[in-house]
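Think of it as A, B, C and D in the order they're written, each chain with its own count starting at 1.
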Amino acid sequence: MTRPHLTLRRILGAAAALLLLPAAAARADQPKIKVGLMLPYSGTYTSLGVNITNGFKLAIAEHGGKLGGREIEYFTVDDESDPAKAPDNANKLIKRDKVDVLVGTVHSGVALAMAKMAKDTGTLLIVPNAGAGDITGPLCAPNIFRTSFTMWQSGYAMGKEALREGKKTAVTFTWKYAAGQESVDAFKEAFEAGGGKVLKMMALPFPQVEFQSYLTEIAALKPDMVYSFFSGGGAVKYVKDYAAAGLKAHIPLYGPGFLTDGTLEGQGEAAQGILTTLHYGDGLDNPKDKAFRAAYLKAYGSEPDVFSVQGYDSGQLLAAGVEAVKGDISRRKALIAAMEHAKLDSPRGPLTLSRSHNPVNNIYLRKVEGKENKVIGVASPALADPGRGCKM
Amino acid sequence: MDFYSLLIQLLNAVQYGLLLFLVASGLTLIFGIMGIINLAHGSFYMIGAYLAFSLASLTGSLLWAVLLGTVLAVALGLFLEWALFSRFYRREHLEQVLLTYGLILVFEELRSLILGNDVHGVAVPAALSASIPLTDTLSYPVYRLFMSGVCLVLAGGLYLLIQRTRVGMMIRAGSSNREMVQSLGLNINLVYRLVFALGVALAALAGMIAAPASSVYPGMGTQVLIICFVVVVIGGIGSVWGALLAALLIGLVDTFGKVFLPSISGLLVYLLMAVILLWRPEGLVKRT
Amino acid sequence: MNRKRLTLALSLLLLAAVPLAGSAYYTELVTKVMILAIFAMSLDLLVGYTGLVSLGHAASYGIGAYTLALAAPRYDPASLWVTLAEAVLAAGLASLAVGFFVVRVKGVYFLMVTLAFAQMFHFLFHDTDLGRGSDGISISFRPDASVRGFTPFDLGNSVHAYYFVLVVLLLTYAFLRLLLRSPLGHALRGIKSNEHRMQSLGFPVLRYKLASFTIAGALGGLAGYLSAAQFGFVNPELFGWHQSGNVLLMLILGGLGSLTGGVAGAFVFVAMQELFQALTIHWQLPFGLAIILLVVFLPGGLASLPARLRPPRPEGPFHV
Amino acid sequence: MSEPLLATRALTKRFGGLTANSAVSLDLRKGQVHALLGPNGAGKSTLINLLSGDLPVSSGRILYRDRDITRLGPHQRSRLGIGRSYQKTNIFGPFTAYENCRLAAQSRQPRPWRIFSDAQAVPAVRRAAEAALEAAGLAAVADQPAASLSHGAQRQLEIAMVLATAPEVLLLDEPLAGMGADEAHRMVELLQKLGPDHAMLLVEHDMDAVFAVADVITVMVNGQVLESGPPAQIRASPAVRQAYLGDDDGPPGAEGGAAARPAGSGGRSA
């Protein structure tokens, strides 16, 4: 049994420990613009978080490290791609550090929680990756922007492309989470609208990678094609298992770009020839991309990828807004209007925003050749997400 | 469903079940003999898989990786038993839970520090990388047959150990009774240490041979741990043969659940457990 | 006794004063800690008083939280009082159903089975259409406390929310104190001490254990509900076994079977977590090591520390 | 003769290949102390465990007032009025002696689910607990933790707890085990006092005690009933002498007293 007089000492001790924690790291005297970077710096998506950060900082550096004459102060939080910790983490940046702009993140579940917080508190949010439709759908708000994509865009473009290639039947297979579900739904929407038939929509819980029994089923169903969304290590394994199960030669595999982006090293021979759709790719023949790649390589010593581009465009978008109000970010309406109407010169090509603050850009068709996702055409030019459910 | 798909799904189920058995047998042995509830058992599976990954990239051969990895796993088991677990045989289960919970955090974070958090593939050895074609679209990867084979060999070894040795007598008696063990003329401390190391090695070995088929990824240990608990609950606590039976049953339910009831396939294994709890609260195989 | 009353009153005063410091962040942080304290106290009924070591208590927490997420209308605030009652009821009923299976097994078996059932709920909300997968559900509006047009407080205001949670914490404490004083409470302690004898004295032990499991679950649901209301977001990780492990850890840190121990444990736990997180992103390493060292060298938890440092009393209670 | 309160019919219990009780039939009547004798391993404790429901029956029946209770759980039998004590002290160590008995009495309390009432404030329960302590001679140590009591007092508490549940049938498993002479004497007095109002089954190795209180004695060997009858009949039985005592040194419980305890039984096993 506890001795009663311990209670106070214990509670006091605990409370003291809490209060001793580092309070807000800085109480800035100069009016710096506080940017909160809430991205994965540990976990499966570490490299994505790092590349987005690099891209973002490169864009700011190109503006001389200042926006509208004000310096930028960064606050970083590792979101661990853990939705359970998302409200806590976002809260730290918004309430404790009182950031002006929140930038994040990769994982859709975390980003949804951030969008919710941003909507509640009015903090400006720029989403540099997560493709969940809801962020610029029901959760849309004047202060929420996205510079990446929605899952709908690449899925829809691939649905159209598959029809052009004469496919009649398909099976879809993805992880059972919003990003995957939205991707295959968009594919189905376009594919069936044009007369195709999706035989079966299969999904396994994220982040499981035991594909074997599903592959057996695909073989039994014998569709003309398979449309799959997986990413990262899961995509590496999936593409290899798909080939090992003997399916690749008979039933071609298609997917959004994430299926083969940043994964070709591991996928090797198994990935060759796979067609994917995405808003970026290798061998884009435009000057901005060449300049960006050179600058990025110089600054960080590594090749940029699609995530670096998205981080870079997030920086560009923020710059467009803050420059327009000459650093006076308290002029919210003007700031937001400037961001809404920004016409960015992105490495991916021209980039504007839709009414729901989602990027409007080309979706390219890419083919895996060696270690590259070669752009072989435009699957859908200037494709805009329909922004379903957004009332703004 | 045609004959060949059925056959392949059956092979998938058996392969998954055998792998589960390998992990769960270590858990049930350690519990049955030493009375230790080890939440960190799944971590040994994870450690095995990551050992296979890093040793295979160092040595360039999965075989060497598995051999070296097994030695390391045994060493880890001996060390942990000596440093920590030997102090906990007479402590409450709650404290064992706390200890092994702390171990999970440490193992996971060390893994993250040393090897990062990426999902990694492990190459299937060239000799085993082929697939056996069954129909024009259906084929079965040789490596998966190999996995089942290894699991069967290990299960056979376990059978011999349990049926033919004095340590095995103790395991069959399911005894944590020190006097009885000593009356068999065994050095109790040594036996405990070896059985613990054996349990660790079985889990790690399962992780190693599973690595090429399942990839290595953070959190793989806890997933397998919870399923192993279900195996032990269904099979009967401390019973190795119950574990085998339960693991195969779970393999079947899980695999065919994915085919026939995909929307609730994740739940089926737990529903199976609930039914068994009602029907036989002590598990399928009761220890006598 | 006086001393105990005094310390409780002082602790309460201290807790009541937190929002006066004016930091929204710390107000919300302590709100979170108090919610965890309710959660830990609910588990104490099970572990500390009934002797049932559950490693699946997160199930009730998750169900409480998901009840709000699923019951809340998408474009309007939900009624606090209605959804709160629904959450407690849902978690209680789910615990009753799970309890029906798990109270039959004992010891380590109980631990494994509760963990497995919590995982089942994890999959239920993760895999089926009920819970929108691993991304979870966001709750667009905070529950509304108004009754017939009168709004006593606003949960959107972090100070209001703080005092609301503080009051719920006190009510939970009072409820459990009363419960433990009642015949049921005495019977539960009897079961913890000697289940076999309780049975042979004529107590329907399974039914009592089921009652304890259900009440603990309902209160766990209460904590889960409050957390969902505070953060406006739920996801399947709420059912995760880390959640169950952490609350057990809080309880052990603070001392089992004393209710206030759970409260203190929640504060110590969060303080440790925040401290280690401030040190390194690999915070689980020192955290895990601390747990291991604690259990190796301090089996009774932090609560036993002062007693260990004090010289042993001459007249121990055990003389034969 | 009165109707039996508790009876067994061909009760059998097997553990794997071992038969611990084989076709045991006996009757317990109100006002009768029925002692069970036999060497260690004869199946006496097993029989008590079968009667109390602690062990499931392999075959045969148990009847309580002619009602078949073979399948009832231990707590249900206890509520019918079958109380038992344990050979190995089985009490609530951290609780006071009073609370041990109060808890026992509480099991008979109607409406146990009133979760906002004070357990200590139920007069009937308090009275029952106090009476049981008084009867067992423990009133002086009522407020001491049970674990801190002397061994003898713990044995008395063991009985007091059973009494607090106001049973009709008492199944007492070696109540004198490990007691000193004084304590044993007091316990025998208590048993004599309880005899007339209860049906009692007494397993005990202390021959003096058995012959002092028993109305009927059943001798078991190897799980079977060897002989059953009044003490005089048992004392005189050649079969009992032969099989159980393994000698013919004279009648058990005669002037030899404690010295005549059966060989190998361990006497008052501690």
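By our rule, a residue touches a chain if its C-beta (ideal position, glycine included) is under 8 Å from a C-beta of that chain, and two chains touch if they have at least 3 such contacts.
Since the structure is predicted, the reported quantities are computational estimates derived from the model, not experimental observations.
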Shared touching partners of subunit B and subunit D are C
Remotest chain, subunit C as reference, centres from CA atoms:
D
Which chain, with its centre taken as the mean C-alpha position, is closest to the global C-alpha centre?
C
Rounded Å distance between subunit A and subunit C, as computed from the means of their C-alpha atoms
35
Per the C-alpha centroid definition, the whole-Å distance linking subunit A and subunit D comes out as 74
CA centre of subunit C versus CA centre of subunit D: separation in Å?
44
Spell out, as numbers or ranges, the residues of subunit C touching 2 or more other chains.
123, 126-127, 282
If a residue has to touch 2 or more other chains to count, which residues of subunit B qualify?
112, 266
In subunit A, what residues contact two or more other chains?
42, 205
All pairs of touching chains, each written as two labels joined by a dash:
A-B, A-C, B-C, C-D
Considering the complex alone, what residue numbers of subunit C touch subunit B?
47, 53, 55, 101-102, 104-105, 107-109, 111-113, 115-117, 119-120, 123-124, 126-129, 241, 245, 248-249, 252, 282-285, 287-292, 294-296, 299
What does subunit B use to touch subunit C in their complex?
31, 37, 84, 87, 91, 93-95, 97-99, 101-106, 108-110, 112-113, 222, 226, 229-230, 232-233, 237, 263-267, 270-271, 273-274, 277-278, 281
For the complex, which residues does subunit A have touching subunit C?
1-15, 17-19, 21-23, 41-42, 78, 82-84, 86-88, 91-92, 95-96, 108-109, 112-113, 115-117, 119-120, 132, 138-139, 176-179, 181, 205-206
Going by the contact rule at the top, pick out the subunit D residues touching subunit C in the complex.
52, 54, 73-76, 78-79, 84, 86, 90-95, 99, 102-104, 106-109, 112-120, 122, 145, 147-148, 150-151, 161, 165
Sort out for me which residues of subunit A touch subunit B in the complex.
42-44, 46-47, 202-205, 207-210, 212-214, 216-217, 219-220, 222, 232-234, 236-237, 240, 244-247, 250-251, 266
